[in-house]
Amino acid sequence: MTDMPEDIFEITREPIDKLGLERRLLTSAAGAMVTFDGVVRDHNKERRVVRLEYEAYAPMALKEMKRLGAEVRERWPEVERIGIIHRFGSLEISESSVVITVTSAHRRVAFEACQYAIDRLKQTVPIWKKEIFEDGQEWVEGQQPSDFRLRTSEAVDSEPG
Amino acid sequence: MTDMPEDIFEITREPIDKLGLERRLLTSAAGAMVTFDGVVRDHNKERRVVRLEYEAYAPMALKEMKRLGAEVRERWPEVERIGIIHRFGSLEISESSVVITVTSAHRRVAFEACQYAIDRLKQTVPIWKKEIFEDGQEWVEGQQPSDFRLRTSEAVDSEPG
Amino acid sequence: MKIMVLLFGACREAAGTHQWECEIEAPADVKRVFAATRERFPELDRFEPVALFAVNEEHARADQPLRDGDTLAIFPPVSGG
Amino acid sequence: MKIMVLLFGACREAAGTHQWECEIEAPADVKRVFAATRERFPELDRFEPVALFAVNEEHARADQPLRDGDTLAIFPPVSGG
């Protein structure tokens, strides 16, 4: 796993400086910049959300974010720069939990790579969120990963409980 | 053509306030914000670009941007907000010529709608750009639109020159 | 009747002007006014196969009829973004 | 041998602790330490069908062997973003 020195991967408790991230990634060869900004919304399945609490396995999350960046570059060599910042801790409505920016000469690559990055991040990066409702709280259930590298439950299932 | 009062469509000679656009569009129901930022790159087909000059048929461009916004909302009713700002005049390398932001509860819609919007804008919004090279200048050739509404050349072709 | 003709992008540059007022006998349509414009600015001939049009700020086809006082815009395929 | 076990998310909350040190006889693998962890924290039993693992900060399968001093993380499917 080699991460390109100009790419940016961060995990932080502080609010994400999106504009700063974008500025640091913008090079003169870029013609398109696509940014995904995941923000805390005030509802989930009709239920009113007060805030979200993110918990991270921080050192591993950072490793996985870098791995994801390398994977994106392998799939889309035309990517000029990629940056991923994930926040953890307690987040209010409309605060950003994750920001992913991809630049490239042409827009198609930037869109595809950015969408792939957020889809993949949600499978591989060890971060968990809990929804805080007005009258309770609940961990958001993640999907069982489709990735062979992560699929472990078969082996566990075959053991007696 | 009805434009939603909260959506934003602007054409301006001033630098685009991307962060301001995003802030104005962010509502508490949004969980995903996707922004496309088209920036001036320093090359085109191996040739070094010094700057770009954008010319707009401004009142019609604004109408077409609003129409595009309405079209996006029709195709993706889950879109929470859309904003499009296009700049014209002389732009240096790494300056933004167009910024499109789409918000929605879930990311898939925001990605699709944003990508559609920039693809479509490049077909329908009356703006033209000229590349200024170190040793000359050249208008960028647009594509003949695939849209029936815009296709006019058959009728012209059938007339004697 | 009078039609205000606007030129944009490479068409404007080729003609050397942003606009002119075209006097033409009724009934007129887009392609007749385009032909009159090319007569006035022969530099526009090379745009004949590719030019697009708008009437009163709406995209228009070459066979669209024009009325006195209409504004016709003539331009190459757009290249914004 | 000693394995440092880390718990995250709903697993951490269910167990009521972020980590514990598991003493276990060699040879051990992920699923044996997971079983020992469930014995120590029976509240983790309900995660048995879904839990995921990481060894020394790398995703790992249940049959991965462990060495003395390894760190094993146990957690539910991730839900970041």
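As written, the chain order gives the labels A, B, C and D, with residue 1 at the start of each chain.
The working rule: a residue touches a chain if its C-beta (ideal position, glycine included) is under 8 Å from a C-beta of that chain, and two chains touch if they have at least 3 such contacts.
Just so it is clear, the model here is predicted, and its values are computed rather than measured.
**Student:** Which neighbours does chain A have in common with chain C?
**Tutor:** Expected: B.
**Student:** With chain centres taken as the means of their Cα atoms, state the distance from chain B to chain D in Å.
**Tutor:** Their C-alpha centroids are separated by 50 Å.
**Student:** Go ahead and note the Å separation of the Cα centroids belonging to chain B and chain C.
**Tutor:** Centre separation, chain B to chain C: 24 Å.
**Student:** Starting from the mean Cα coordinates of chain C and chain D, work out the distance between those two points in Å.
**Tutor:** Between these chains, centre-to-centre, one finds 73 Å.
**Student:** Which chain D residues reach two or more other chains?
**Tutor:** none
**Student:** Please set out, as single numbers or ranges, the residues of chain A touching at least two other chains.
**Tutor:** 38, 118
**Student:** So which chains end up touching which?
**Tutor:** A-B, A-D, B-C
**Student:** Touching residues of chain D toward chain A in the complex: what are they?
**Tutor:** The contact residues of chain D facing chain A are 6, 8-10, 12-13, 30-31, 34-35, 45, 48-54, 57-63, 73, 75-81.
**Student:** In their complex, what parts of chain A are in touch with chain D?
**Tutor:** Answer in residue numbers: 38, 54-57, 59-61, 63-64, 86, 97-98, 118, 121-130, 139-145, 149-157, 159, 161.
**Student:** Could you list, by residue number, the parts of chain B that touch chain A in their complex?
**Tutor:** It comes out as residues 18-19, 22, 26-43, 93-94, 105, 107, 110-111, 114-115, 118.
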